[in-house]
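These are the structures, in structure tokens.
Look for subunit A in each of the two complexes below; its partner is subunit B in the first and subunit C in the second.
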Partner chain A sequence: MRRLLSAGLFVACVASVGRAQDTTALIAGDAAASAELSKIIEATRANGLPIDPILAKIRQAVLFAHTPAPRIVAVARAMSARLEEARAALAPNPTQLDIAAGGDALGYKVSAQSLKDIRRVSGNRPVAVPLGVLTQLVTNQVDEKKATKIVADLIRNGANSDMLVAYGNQVSSDVQSGTKPNNAADLRNMGLSAVLGVPGAAAAANVGDALTSAGAPTPPPGKKKP
Partner chain B sequence: MQVSADVGASRLRRPDVPESGALTLGLTAAGGSEYGWLRSSVLAVGANSQQSTLQGVISGAAVQSPTRWVRGEIGGFISGFTESGYSLTLSGEIMPRLRVGNALRGGALGVGIGGMQHEMKTAGIKHAAAEVWWGFADEQFASSLSFVKTTGTFVGDQLPNAAPSYYDLTGAWRHDRSGISIGLNGAYRYGTRSTNAGSSGSADAALWVFPQTALVLSVGRSLDDPVRGVPRTTFASIGLRVTGAVHEAIGRRRTVKGATVSVQRVDGSSRRFEIRGVNASRVEVMGDFTGWTPVSLERVGETWRFEKPASPGLHRIAIRIDGGEWISPANLPSTTDDLGGVVGLITVP
Partner chain C sequence: MSKDAPDPMLDRAIDELRRLPPMDPAAIRKIVNAAAEARVSAADEPVVVANVRGRSMRIWSAVGLAAAAAIAGFVVRGQFANGPVQTAAVGPAMTETETLRTVVSSASEMRPILQQFVFENASAHRVSVVGDFNKWNAAAAPMQRSAGDATWSVIIPVVPGRHIYGFMVDDSVFTLDPRAAKVKDADLGTEGSVVIVGRP
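Then we have the complex of A and B:
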């Protein structure tokens, strides 16, 4: 019942934010906090930043985490600031998804410098997925510099979104099952890099470089004697 | 830089030598970046007190514009092969290639030249090769067709002045998962001049018993290598491989206990979320992509799934089993972030 009530109030408040500057209660029973949230959302929108991440945070806070109202306001304000910082770090032309991903990353202790590094190696391509994977790694306690370098190298080596996502989720799985975070990141990186960076079977086929690749010994002599 | 050493014993058979046992020792060092790679290998084989061989190969490639879909690269190798009482056979080749795709899926076309030298005699090599490769999940496939023409050879049954030319068609498959790597290679040679046609093949398996140690088994038959001066042989071997770095397979061997979630692209913006490892009558999920409202999943065999549009990037997710507490999936990092309430973090492609 409590969740249904919260959901109803929240839907009403989001609709109101969408159509006007009405400060209808965003949070049940707390008009002041709701008004503050409306201001934050409007200011964020006016600044050309995405508001979906903030609305998602409020939804999560109200419907899932049952966070106290003052805390929700503080989180929303911090989120808005992070979005602005992310936009600057991901310049010059970040998409709304990029900015949202950057804001998330900053919220999980990824540095602005790492965002810049990922942007630099990605060129004008979207960075939401690479930043998501980077955030996942850092949240898994992988050293941030190592995580940033791995993700950047994978991008350089041609890893696509599916491969990056698989990498991030595999590292997560390894860490949750007890592997040390940095080791898991290295091990999975070796596996993916072997596929990406090494000319692999192609090179082996080309130059016949199968000398010790399967443990197959080169045989003793059988060539013609001079 | 990755370094590994192989130590083992082999049983070998060649047309002109009785079947014999041999001890083998191999060393490999490889390294590289997005702009190129270099690999060097040395292999010593001692068949008996009178016969031993030593072979070394250095191969590498330099890549142009590694991030481009179509790019040029130039590769090659230098090989040396010697045996007890005989002179060294040296060979080398350089091959510019046009490469399409990435290392996961793609193809390449190249034309190369090279040469061989043995006891003051020399021979030239012309080589053209086309190849394709394709990988997904834990499987890798590769195939190539190459044409080699030489002005002479120092191996095989041909006359000393024979100038063999031949086509090689090869195929390879490798499966690598859970600390076990299995590979199959097959080839057919069609000789157009002074070359024995025939087929060759090998199978190998590596079982990683420790993070840096694998038991390696291999069996197969190879044809003459007129370019490197290595004769054909039939072999079976067993050995230990020790690597300088921990093998990734160890990380894969462990499994997560509990409900695990995965997500994959279906089409457009639609994504399929699947939860496994759950013995329940009802599973629900909520997260950014559900607007933080609970969604019941459909059971398909041992898997619970649902499809929904979700934007690429990081999402927060929680699951509930049989109406219990909302929990973070076991295979994801969980966080309370700045709101409270534990959620898992998953990246959507």
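Then we have the complex of A and C:
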């Protein structure tokens, strides 16, 4: 009965898209794939994991990516497994958003160890935003270990979620402008660390000179200021 | 009976009133999270421009939050009320209070944040923003065109975190946001625009 109900709910959910019914017919017309998806979703829900990311991915696959049904089933199964892995890595009290963000990060080849590192440094606070920024850095080709260390250090030094988001966006913008990903990550890290008052960061970022000289150009290394 | 003499009936009544049912921190966490999660699903939230529906949804959200606040207030009050009497219970009581504070803080950090999406298209008749935050439902967040302008925009609540999205033009053409970074979906291989929503 529960399976029937969940299958019904899923079909209703997919069918509610309206104008895109021709593409939902791909799933609706594939009874085996639909049944398999229902099983995966029900098992994920019964396991206490969030199902919204899977439902969203299925709809994206059907409506926008026009993915074949067997591939959609495989993706849903892989996502369910990643959500479980993320929950374990983000123990002991991850929120549903944390788990979803962790599952997303794992999908982009961020390691479970990195998730654990972010959890450890964040204590009991939500980690959806730090993990989102970490994922963004990794998708921008920043080395995963470097990205994890930077995000963890920034959290440890008191960066709030808005600062982390700004940091991620700056790196992303730098990379799009042609800066090498690891260089962009380091450079922006120095800037934010200086703002956070991390010892040595201002000197490393040359922020001190810029501030004391009130906008005057920084002298090249080796030359003394008059 | 003198003014300072103990009154057994009164003492018993006080004891009864002081005795609270045992509280399970996990249950408290579950209730507070449930109240927060009730607002979390962006797909279920109203688009800000939809006034009538938006108002009724906000009332329900407010009721949910009020319920969570009432539970939180009851628990905190109970813990503090017991504090001076049951000295031995001060340790655990503070632990539960701290746990509750963390839970309430976490719940507030998970609340959706209003996010504006802007798109330029002079020839479109309809534009909506679609993404994982509204389960790629083109009907969930229709954008409004500025008068005499090619600019479409909408403000919708989005939960904190990283999100993939795009714009659906005239119900048929999926378009990326030229103002945002783009990423290839790890599972599907399709491109999407990226936004990371954080709470200040």
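We take it that the second predicted complex is superposed on the first by the 171 of 226 C-alpha atoms of A that agree within 3 Å, B and C clash if a C-alpha of one lies under 4 Å from a C-alpha of the other, contacts with A are read in each partner's own complex, and residues count from 1 in each chain.
The definition used in the following text is that contacts are C-beta pairs under 8 Å (C-beta built on N, C-alpha and C of every residue); 3 or more make two chains touch, one makes a residue touch a chain.
Treat the numbers as computed from the prediction; the structure is a model and nothing was measured.
Participant: For A:G107, using the defined touch cut-off, is the partner it touches subunit B, subunit C, both, or neither? Pick first, second, both or neither.
Facilitator: A:G107: touches subunit B and subunit C.
Participant: In the superposed model, does subunit B or subunit C contact more residues of subunit A?
Facilitator: Result: the larger residue contact count on subunit A belongs to B.
Participant: With the two complexes superposed on chain A, say which partner A:S161 touches: subunit B (first), subunit C (second), both, or neither.
Facilitator: Both partners, subunit B and subunit C.
Participant: Going by the contact rule set out at the top, does A:S34 touch subunit B (first), subunit C (second), both, or neither?
Facilitator: A:S34 sits against neither subunit B nor subunit C.
Participant: Counting only touches as set out at the top, which of subunit B and subunit C does A:S80 meet: first, second, both, neither?
Facilitator: neither
Participant: Going by the contact rule set out at the top, does A:A128 touch subunit B (first), subunit C (second), both, or neither?
Facilitator: Touch partners of A:A128: subunit B and subunit C.
Participant: Look at A:Q136 in the shared chain and tell me whether it touches subunit B only, subunit C only, both, or neither; answer first, second, both or neither.
Facilitator: The answer is both, since A:Q136 touches subunit B and subunit C.
Participant: If you stack the two complexes on chain A, which partner ends up touching A:S177: first (subunit B), second (subunit C), both, or neither?
Facilitator: first
Participant: Does subunit B (first) or subunit C (second) touch A:T44, or do both, or does neither?
Facilitator: Neither partner.
Participant: With the two complexes superposed on chain A, say which partner A:L63 touches: subunit B (first), subunit C (second), both, or neither.
Facilitator: both
Participant: Share the list of subunit A residues that count as touching for subunit B in one structure and for subunit C in the other.
Facilitator: In subunit A, positions 56-57, 59-61, 63-65, 67, 75, 78, 97, 100-101, 104, 107-108, 126, 128-129, 131-133, 135-136, 139-140, 160-162, 164-165, 168-169, 172-173, 176 sit in both the subunit B and subunit C interfaces.
Participant: What residues of subunit C sit close enough to touch subunit A in their complex?
Facilitator: 29, 33, 37, 40-41, 102, 105-106, 109-110, 130, 132, 135-139, 159-162, 164, 166, 171, 174, 181, 183, 185-190, 194, 196-200
Participant: Residue numbers of subunit A touching subunit B in their complex, please.
Facilitator: Per the touch definition, subunit A meets subunit B at residues 7, 56-57, 59-67, 71-72, 75, 78, 97, 100-101, 104-105, 107-108, 126, 128-129, 131-133, 135-136, 139-140, 153, 156-158, 160-165, 168-170, 172-179, 183-184, 186-188, 190-191, 195-226.
Participant: Within the complex, which stretch of subunit A touches subunit C?
Facilitator: Answer in residue numbers: 13, 16-20, 52-53, 55-57, 59-61, 63-65, 67, 75, 78-79, 93, 95-97, 100-101, 104, 107-109, 124-126, 128-129, 131-133, 135-136, 139-140, 160-162, 164-165, 168-169, 172-173, 176.
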